[in-house]
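Some notes on the structure that comes next.
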Amino acid sequence: MLMTAQDYRESLRAYSPRVFIDGDRIDSVADEPRLDPGINGVGVTYDFAHRPESERLLTATQSSSGKTVNRMLHINESSDDLLQKLEAVRLVCKVSGCAQRYLSHDALNGIYQATHRTDATHGTDYAQRFMAYLHDVQDRDLTLGVAMTDAKGDRSKRPGQQANPDVYVHIKERRADGIVIRGTKAIVTGAPYMHEFLVMPCRTHTAEDADYAVCCAVPVDAEGVTIVAKPAGRPGEAAAKFSARYGQSTGVVIFDDVFVPHDRVFLAGETTEGGFLTTSYATHHRHSCIGARAGFGDLLIGAGAMMVDANGLDVDRHAHIRDAMVDLITITESFYACGVAASVYCEADPAGSVMPDAVFSNIGKLLLATKIYDMHRVAHYVSGGLIVALPGPDEDHNPETRADLTAVLGGRPDIPAERRMEISRMIEDLTVSNQGNWYSVISLHGGGSPEAMKREIWRNYPVAERQELVSDLMDRGVLAEGRKVSRQPGRCCATGCQPPEKISNTEAAE
Amino acid sequence: MLMTAQDYRESLRAYSPRVFIDGDRIDSVADEPRLDPGINGVGVTYDFAHRPESERLLTATQSSSGKTVNRMLHINESSDDLLQKLEAVRLVCKVSGCAQRYLSHDALNGIYQATHRTDATHGTDYAQRFMAYLHDVQDRDLTLGVAMTDAKGDRSKRPGQQANPDVYVHIKERRADGIVIRGTKAIVTGAPYMHEFLVMPCRTHTAEDADYAVCCAVPVDAEGVTIVAKPAGRPGEAAAKFSARYGQSTGVVIFDDVFVPHDRVFLAGETTEGGFLTTSYATHHRHSCIGARAGFGDLLIGAGAMMVDANGLDVDRHAHIRDAMVDLITITESFYACGVAASVYCEADPAGSVMPDAVFSNIGKLLLATKIYDMHRVAHYVSGGLIVALPGPDEDHNPETRADLTAVLGGRPDIPAERRMEISRMIEDLTVSNQGNWYSVISLHGGGSPEAMKREIWRNYPVAERQELVSDLMDRGVLAEGRKVSRQPGRCCATGCQPPEKISNTEAAE
Amino acid sequence: MLMTAQDYRESLRAYSPRVFIDGDRIDSVADEPRLDPGINGVGVTYDFAHRPESERLLTATQSSSGKTVNRMLHINESSDDLLQKLEAVRLVCKVSGCAQRYLSHDALNGIYQATHRTDATHGTDYAQRFMAYLHDVQDRDLTLGVAMTDAKGDRSKRPGQQANPDVYVHIKERRADGIVIRGTKAIVTGAPYMHEFLVMPCRTHTAEDADYAVCCAVPVDAEGVTIVAKPAGRPGEAAAKFSARYGQSTGVVIFDDVFVPHDRVFLAGETTEGGFLTTSYATHHRHSCIGARAGFGDLLIGAGAMMVDANGLDVDRHAHIRDAMVDLITITESFYACGVAASVYCEADPAGSVMPDAVFSNIGKLLLATKIYDMHRVAHYVSGGLIVALPGPDEDHNPETRADLTAVLGGRPDIPAERRMEISRMIEDLTVSNQGNWYSVISLHGGGSPEAMKREIWRNYPVAERQELVSDLMDRGVLAEGRKVSRQPGRCCATGCQPPEKISNTEAAE
Amino acid sequence: MLMTAQDYRESLRAYSPRVFIDGDRIDSVADEPRLDPGINGVGVTYDFAHRPESERLLTATQSSSGKTVNRMLHINESSDDLLQKLEAVRLVCKVSGCAQRYLSHDALNGIYQATHRTDATHGTDYAQRFMAYLHDVQDRDLTLGVAMTDAKGDRSKRPGQQANPDVYVHIKERRADGIVIRGTKAIVTGAPYMHEFLVMPCRTHTAEDADYAVCCAVPVDAEGVTIVAKPAGRPGEAAAKFSARYGQSTGVVIFDDVFVPHDRVFLAGETTEGGFLTTSYATHHRHSCIGARAGFGDLLIGAGAMMVDANGLDVDRHAHIRDAMVDLITITESFYACGVAASVYCEADPAGSVMPDAVFSNIGKLLLATKIYDMHRVAHYVSGGLIVALPGPDEDHNPETRADLTAVLGGRPDIPAERRMEISRMIEDLTVSNQGNWYSVISLHGGGSPEAMKREIWRNYPVAERQELVSDLMDRGVLAEGRKVSRQPGRCCATGCQPPEKISNTEAAE
């Protein structure tokens, strides 16, 4: 059953998580104004699955069950799946800023791969548990939060060496019917209005720290869970043309001896596979981030173009403005292209799913992480000085100043001064407000900081193949026969359409 | 008499301007919480003139009167003056974010040059009027607002062609004893807590628009003046570690038939000199902006380094962090160097003052305008993810969560978690908050947008000299004898110390 | 019949073009040492069509004839075709620097579209003539030069206004059996060792200049054709580890009243379609350039990594070296990703072929045009100073110095000093030599200068759709129902596999 | 006695160094065509000391002797000296590409400081020896080569651990009357046409490697010295409009048991001071590099502007061309500004001389090292495609093609086609030729690679002061009283003119 946004909001009433915001205990998440923009954001992923024009993007068929599920909960089986997911994320994020729910998708896909791999190595039965859980989540059309980033404490020490072991979530006790976990996850997107959390390790652990390699599912209101959250967006602010409606809460989530029954445990001490889970999740997530930030780019391009019009500037005469708009487009579409290429050159997992190409996914995320600041710069550049000068919206209704301001703050005669002011506030909200810039920080650090991307790019790139090429040219004048000559696209759609004579999915796999 | 910050605040009580903020009429500027951070910022320029260690920077001797004056009101006479001014602006801005009062300096220096030039051409007596006004302002140690940027209306039309003539301030009537001005200035820094406004043209006007070429001084509470302002900083916000104390208001200032007596009128229809005034003010101002934003750079460098320490990172082991810190330093000091070079290669004005070199001033401003976004990026990069994750300050006192959060949010053991959170909020305030990013927008557009700088660089650069060089090399193999071989530094200090065999002040002057 | 490189070289003997190089008349192109590197480069496209590992890339089935043809002569029918072409170009260029023959492909695909469009509008029979010509070219496995860029003369005047009409190639006379063309094309890649030239217009012409809208095929040794060419690569230079073998000649081609029979004329005065031809060729060509320069990136990555090894540097300890290598990879793969995305989102032409997406193709070309300089910088950075210091290869055999130099110029003990010197000269050849940097200039200006790409990006981008999005959000809080929600990939392979519910090929098409 | 260029060339006949180029033993350096461009380059520093317009820049008074000396041999005593040196280097390099002789200056200034410091610590008499040597060099107006960069061998090992000790120059034997040195210096600028070499350590050595800490002066033809050099520029090449006349040779210099008498030894085992010498030389040298590359910028700006004119482009109509020209200016003048600032904030050495500020010098060098590639890019951008298309100069006299080519290769009617072609070849020579790009590599690696600059910036920057600022603001809301408030300019001219109330020369010194 695919829920609507309204269904989703109502479904939250069935949970009673212990949530604090700004020091206040929240009674009802579904009714809390400070969380409303976050719930609206997630809601877009529900509603758009019902619209005819976006149904194809927001839904998919899960082949293991044969059921139609929300794409945010789907396990990808082809290059086309990855392309549709990328577009779906772009769509919901260009409407909502950040719909947040793609994190559910990223984690489910990572755990899918990791449970199969763990079973293959250790003879465990995690995959079977997970498939049952997955189908249940898809059937109930849930939204799952990713509880991954530990508080970490002293960065120069391993988890097991920390003065306070709770800076990392870990298995405190193993019982016959399950495990007890303890510790703190520092950044959980949308924590208060999730249905469940997927707890995952945020780094590779050594054998001594095996208890830190844990993956499991925990309802938000499980006993022992506390959420300390920030408000989502800028609820109730008149100047917030966008983020009064849509936003994103994050929470610190404290697990104070939380019991998790076996059928919800997907990893419990297998450190190598824990590291694999971290990486495969990261690859899915970085790929999704590309779609998300491209959606933000669409917003800036649209708002910037509207402001240029309202200022009465003709881009053909003012070439520097057109140039800047082209910069904004080029930044957005060039990192988006990396997401497309990662989809095309996807890697088939032995478990039957596909993973976006690691090199392209990491390059795309690396580019957006640093270019988001340029995007703000260009948006300000094309918008001109009004966002500096404009008095706040409370002034709009001051009878003593309103007429005078309206008379002088217009630009092009056919666009009312009020519309120009509204567009200006939209840009301010997107790029100057605390909320707008908070997106920059999560673009930079979310899904791993740039240094992590660089390591992954280096680790996965076929450098040796490039060296062979140059060696061949120096020694023979031409590439030696039999060398690998190109990458080939991955499985392009679920029903077949495998490119013939396929050599390998990615160079990196060799 | 040099006032203190407290004296300055008290002095505002002698004025009763008509000010609105967020729709409210303000009774007492000196007591208004929403303006307090702005008044504090200006106050720094007063207090630091009394401190022994900064007295040399913040004061100067006005040679026309022989009196010691605040440097923010001084007419520069040498390269050393310009260097000291640059350092003074950097100092007050690194303490206050933006002390605002350097705008008084920039305008006084521009008007000084323009009045002398106008008199030389037109036989007027503006310079004499202005010198009397200048000495009075210096004696009373005032702060003057710059009312320059007009509302502009339809950008594709000249002032005289606008449907509503009030989108530009202009002379509505010329009387025997003075003039009546009318129109709206769109962005006046610190408008509510200035003593007076210096009204100036914001562009070159054609002869038909002579009434728009007007420069004069108007007290903030002159009859017919209305100020619609924004709050300064983030007054009263607990999370605002910096901008609850220091900030900057801007106001739209409406001149509704304001009478200005002759002795306060410094330009009234001389369009060529009006254009010169706009440019010379802009050059002084762009030079000052360089010092201001370098001060902001100092804040980011300091805060970034503190955060790195608190996170427990050793920059020698984490080379990418050191690299990023060096980026921040390189950006800040490379645009600051342009300010230094503009001071060294200053141009002597026939009026006896000096103007910073136009090419270097414009390049420095151009660089800071675009690099401020990179500065934010680097500050976020070195700071890590805590600014994303940290709950707001109201949570700090929640007995149900405080202990848990403090236990896990620490980094290096010798730096308390509370201190780490405080530094994180400082960085958030400087770079994520609305206030922090508002500084980005004024860095980009304040003192003219990048396109204006580029035009000035091109207009002032000795391109022909470079072409002669290449022609000579092609035609003779060496620079022809007698060619100009270098720029020479300008008058380096007021007491002489002219470099020997001086050829000219700047290449651009030829 | 698919020729080999040796067949191709022999086939040139059947032609006797009038060619000058450095003032010398060339007797036999096939035997001229100054052209040898160019002929070798083209030869790679022939030989690699016969190797098992690259056969799939370098050949394709032309559906109109059912025959297997060299991919460099194939009309693309699907997204997969475009991807394979992109990889094929990358392959031949990473072996040869620039195999040049993809220009044949780009022109054939552009003319294919343009002739069909012209016939549809004007009722002409160009398409039929062209298909006959195409099949003949494929059957004979020819290489065609693109004679497009006119000499242009005074840039401020139209062709018809030029003092000398021959600065643009034009129809001088229309005869019953064909046309006579006259004028000069300024840059024809590989001119001396082509089989034929495809003459094409390089800009949109006005109706007055209809005679300049001409497209036709001319053998290189047609009467009246003169080629003034530059040597290819650095033939015979000992230091040229790469470009003594592979290079690229360009020629000025003078058409001095050259008769072209009707069956070789594909456009003769239809100015609108001439403009379309210029644009569609440019789009195909820019897409190919992406593959070409990615191949150059592969060379730099390989050579850089070898030099790092030879210097004895461990990238894990010297993070700044790894960082730089990752930069090189990121630059290369991010513009390549634009080529992949352009293939995926291809546009179906009514003629039955596909064209790469214009926005992504232009962005990719724009990025490579400017980033090629950064690629050189990074290659120098990782290579260290040996390329500055190393004496030339003639010194290698000097008995008085050889032993001393070899003794001290080694780095890592397991890599001989001679090998280190060889790698150093390879990098010098690729990035410091005249030949290496000439590639930078053609990367920048070839296929149109950056300004042309920016105009195309702006012209093709769905800006209005982005504005609608923001309008909807401001007016309704959500995207209006029925709006377009995403781009959909183009026809993915020739045998079907059309994505269901396809809405349109590109946003730009709307 | 100040020599002329001709005197200098003649003076080389008094030396008979053992020089090899391309495997040939050179008989007479003064008459060798392959060295002619290098000798011409150095010659500019001699001739320009005699021209009235440049005499002030190219000469200075050595206060220790009271004599007028060439500025390239002068010990700086003031900020003004540093500014004049900077302009002098810019001048000679904009005429010659790179006059090379500033290296003499940089080494003499570094050794001056180091000998005084060594004596102060160790009670040695190096300073006295050095002053005698200095005065002799000044009297004879010599040119000294810097023999600093060792061959280095395996980068992962210290000098004393190398398999072959000769990869670093070291003291092999200490005799009663002097020392015997042995080893290879890998990159010596202008080696064949120097009068003497100043041998210096290229890194800090440990106590075990004390024999590697050696500084001394050795005539180029001392017994045991062999020079293996590269040709200077592109001697004899018709297309080399610039570098057939001016260029730069570098040589590997082998010291095969060379005896150096005591009065020419300036350091012999004092490792700490050896490290100081390396750093102080590097600071002087990086400061000089800024002037040198700004001179190259002047060439590109001039040539670019000429090409734009010849192409018939009006920069006011083609804004993207003006924009690019402004980029070129901005890059050049912004790194030059760092050289100016380093001069102004110079540091006084206890020995009585001044050193440019380390932070600004390193930032300037870091910027030019990376931006030189952007400078090439912009030069190509503004020049257009002719440099790709133009046949070589040997074609210019081909009677069969000349008229046709000249007829079509013109641009603006008032600039002959021949001039346009000449300008195009000038740009090609400066930016596409091997010689032009070799300057890029030495800009990047010469005087230390970017990583070295970054370390120096970090080491010298007053980070602690910035942290105190932020701590004060967090703890008190304002900078604590008594804190340092600014940097003060250094001693501005030799005759006094010390700024009053001077606090310290540089922050870095604290």
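By written order: A, B, C and D. Residues from 1 in each chain.
Throughout what follows, a residue touches a chain if its C-beta (ideal position, glycine included) is under 8 Å from a C-beta of that chain, and two chains touch if they have at least 3 such contacts.
Predicted model only: the values in this text are computed from it and were never measured.
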Copies subunit C and subunit D touch via same or different residues, half shared test: same
Greatest separation from subunit D - chain, by CA centre: A
Centroid distance [mean C-alpha coordinates] between subunit D and subunit B, Å: 37
Length of the line joining the C-alpha centres of subunit C and subunit D, rounded to whole Å: 40
Between subunit A and subunit D, centroid-to-centroid distance (C-alpha), Å: 50
Residues of subunit D engaged with two or more neighbouring chains: 320, 323
Footprint of subunit B on subunit D - complex, ascending: 44, 48, 51, 53-54, 56-57, 80, 83, 87-88, 90-91, 94-95, 241-242, 245, 298-299, 301-303, 305-306, 309, 315, 322-323, 325-326, 329-330, 333-338, 340-341, 344-345, 359-360, 363-364, 366-367, 422-423, 426, 454, 457-458, 461, 463, 466-471, 473-474, 477-479, 481-487, 489, 492-493, 497, 499-501
Residues of subunit D that touch subunit C when the two form their complex: 20, 22-25, 149, 151, 153-156, 163-164, 166-167, 184, 186-187, 226, 228-231, 250, 252, 254, 256, 311-314, 320, 370, 373-374, 376-377, 380-381, 384-389, 391-392, 394-398, 400-401, 404-405, 407-413, 431-434, 436-438, 440-442, 444-446, 449-451
Parts of subunit B lying in touch with subunit C, wherever the complex brings them together: 319-320, 323
